[in-house]
Amino acid sequence: MTAPKLSVDNIHKTFFKPVKNDVVGITALNGVSLSVAAGDFVSVIGPSGCGKSTLLRIVDGLIKPDQGRVLVDGRVVDGPGPDRAMVFQYFGLYPWRSVLRNVEFGLELKGMPHRQRREIALSNIAQVGLQGFENHFPHELSGGMRQRVGFARALSLNPEIILMDEPFSSVDEQTRELLQEQLLELWRETRKTVLFVTHSIDEAVYMANRVVVMAARPGRIIEDINVDLPRPRISSVRTLPRFGEIRSHAWELLKQGIREATEPGALP
Amino acid sequence: MAGSLTAATVREAAIRRAAKRRDLAIRVGSIVSLLLVWEICGMLTPRIFLSPFHETVAAFWRLCGDGTLLRVTWSSLSVLLAGLAISVVLGVPLGLIMGRYVRLNWALSPYINGLYATPTVAFLPVLSLWLGLYVAPKIAIVVLLAIFPVIKNTYAGVTTVGHELLEPASSMQASEFQIARHVLAPAIVPFVMAGLRLSVGRGIVGLVVGEFFTAQTGLGGLLLRYASNFRTAEMFVPIFVLVVLGYGLTALVIALQEHIAPWKETERDLSQ
Amino acid sequence: MTPAEDTVLRAVRARIHRSRIERLLIVAATLAGFLLLWEFAGHLTNPMFFAPVSEVLVVFYQQIVDPSHSLLNGLIETLAVLVPGFVIASVLGVVLGVLMGRGNLALQILDPYVTIFYNMPRIALIPVLLLWLGVGDTLKIVIVMLAAIFPVSVNVTAGIRDVSAQLTEPARSMNASEGQLLWKVILPATFPYVTAGLKLGLGRALTTVIVAEFFVSLSGLGGILHAASSTYQMAKMFAPAIILATMGIAIDGLLTYLERRALQRYRA
């Protein structure tokens, strides 16, 4: 049996906040494990503080776990790598670089020659629908457009796993739906493995074939829901009864998680 | 209806233009009133206190014509620019390494913050003792006044480069050097410019103090000589040039900042 | 908390404690190094130009116990000019700033003057004022006031214009009068700008008082400095310089503390 594409193995992570003259420990992740097959689209939802963003950053290698490990194709992850790329909630673009130079930045860091990286960047910019904006600067673009630049940048790196940290939460509702459609289409075409963090249950169920529900204090996975809705996902899918069922189930789990966290005896 | 919107827009534009003209008129009126008061008071008081405005204008023309003004302004400007240049060349790297190496910051910041809060003009007598009376002490005092905003603002720039700029680069496996070159360097530019803006004003203060108390060259020297000789018409000319210099250089730094770094990053120029 | 977390917490606390000690050591070491260098350099150079720290400390002590109290008198003379000048500048500066911030007419009439004065080195006016006011404390108080008033007023004006509609709307909807609006909403909101302006103004005031005292020698700390340097008594310059530095640091620190206390109340 081949190793799963991504394997998160019993991750623990505690953060320390300075409070007055002391420190207070906050358990962001408490024994989180997850397995993702190649080509899967997995959503992760949970309340604030459940560690979903921390989990994503540990998978990307930006943060090291206190215990446990992350494996990609059976190899242990030790820092960021070319096999994973992240799309940030805050877009993460460099204000002094044009769209084109932002998209090719990752390739520039790798030392790819000018002409080659230009080609790749231009094709990805076109793929996210921003042709004509190559020489614009981030502050001249809307939120939705900036996020698309973020995608194009991630795509240019040609990673096997794309990690998305609430990519649409800084964007308005209508743009959000358009971007969701676009993302699904890109996913269908490129067949990448996607780990998608969001705080919208609707979005999580709509986009993914698995929804991982997390709880906070301590950060942990409550359940891994299989989403057996038809693909390709179109808006009408949201009206299917099955959609409502899955959604309610997820909502119940979230509420239960909140209840459990505020009960006495729960970890600080 | 589209028609009424266009009409409303045209009306609004006209109202705004009229308001702008009115504001301009008030400002001009304000200044002109002062000049009138100056003229009248100048006629009524003895020359050793105040000369009428028109004599100052005449003096200005005269000083322009015979090259004095140009010579004296250049003398001041060259000292100022030299001092500012040294402040940037020394201050930016210092702010950078203090921001980058915490231990160095621990070691040096008491002295740097201490000097920043001290009126460094107090060192002018010492400087003129050590460096003489000509150009060197003037440049030194300009540097002593101008370098601290540069250091402080550069330090602020380095330490507040947010994780939003660093994370994406880390995620794309950038090396330390690549981060310094592609992320830190461009990100601190607005901060350095903000520091420079503060430095211009402080530097000019240093310049004038230097010109008062060491060899009396430049605009400060000219001013002092006129005032001590009761030349009340001429004495306002160097003052006027100093105002123009201060305003002009500050505006230049702002324009430069807009051009190089048009995005609005957090820069705190209202507090030191 | 689990035993594993407890260990990590202890380790973090220990690390913070160690780094506090390290910081203390570094500060002490740099001070020691600096003093050593000063002592060494003092003995190597011409006594006309430089004095070693030991000599400076001895002279400092002598000045403090000096029966004629020249140092104390100098301090009092400087404060007699600095305090009235700075206080008047602060009050007038706030009034001017508010006038210009709230009323367009006042802004248009006064702005040309504020711009002119703000952009010039006010010390350049000392020779002119000397001509008009003669030698004396009035001259010094006036120039200190002129030096400090504009940083205050400019910052206050900026602060008032910056007060967001989110703060004024609720009050206006509760029918607050202009006066109430100004006193209870706008001024508190402008507080950080006021303190920023005061700090800037203080710096200018200190610088100006020294320069004024250089002009009108034999008075105040600036006078002592000037006299000491013209008689090549390097060691005597140390005490006034230290007192001025301490004044600057202390008042700046006080203003920062007040600012932080006030902000804590609205930021919490």
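Chains: A, B and C, in written order; residue numbering restarts at 1 for each.
Convention: contacts are C-beta pairs under 8 Å (C-beta built on N, C-alpha and C of every residue); 3 or more make two chains touch, one makes a residue touch a chain.
All values reported here derive from a predicted model rather than from experimental measurement.
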Which word fits the touch map of the chains here: line, ring, star, complete or other?
complete
Please identify which chain has its centre, taken as the mean of its CA atoms, farthest from the centre of chain C.
A
Looking at B-C and A-C, which one has the bigger number of contacting C-beta pairs?
B-C
Taking each chain's centre as the mean position of its Cα atoms, how many Å separate chain A from chain C?
49
Cα centroid separation, chain B vs chain C, in Å, comes to 19
Chain C: positions in contact with at least two other chains:
none
Can you list the residues on chain B that touch chain C in the complex?
23, 26-27, 30-31, 34, 48-49, 103, 106-108, 110-111, 113-115, 117-126, 128-130, 201, 204-205, 207-209, 212-213, 220, 223-224, 226-228, 230, 232, 235-236, 238-239, 242-243, 246-247, 250, 270-272
Which chain C residues qualify as touching chain B in the complex?
22-23, 26-27, 29-30, 34, 48-49, 104-105, 108-113, 115-116, 119-121, 123-128, 130-132, 155, 158, 193, 196-197, 199-200, 203-204, 206-207, 209-211, 214-215, 222, 225-226, 228-230, 232, 234, 237, 240-241, 244-245, 248-249, 252
Would you tell me which residues of chain A are touching chain C in their complex?
12, 14, 16, 18, 22-23, 25, 27, 66-67, 267-268
List of chain C residues in touch with chain A within their complex:
1, 4-5, 8-9, 12-13, 16
Show which residues of chain A lie in contact with chain B when the two form their complex.
60-62, 79-82, 85-86, 88, 90, 92-96, 105-106, 108-110, 137-139, 153, 157
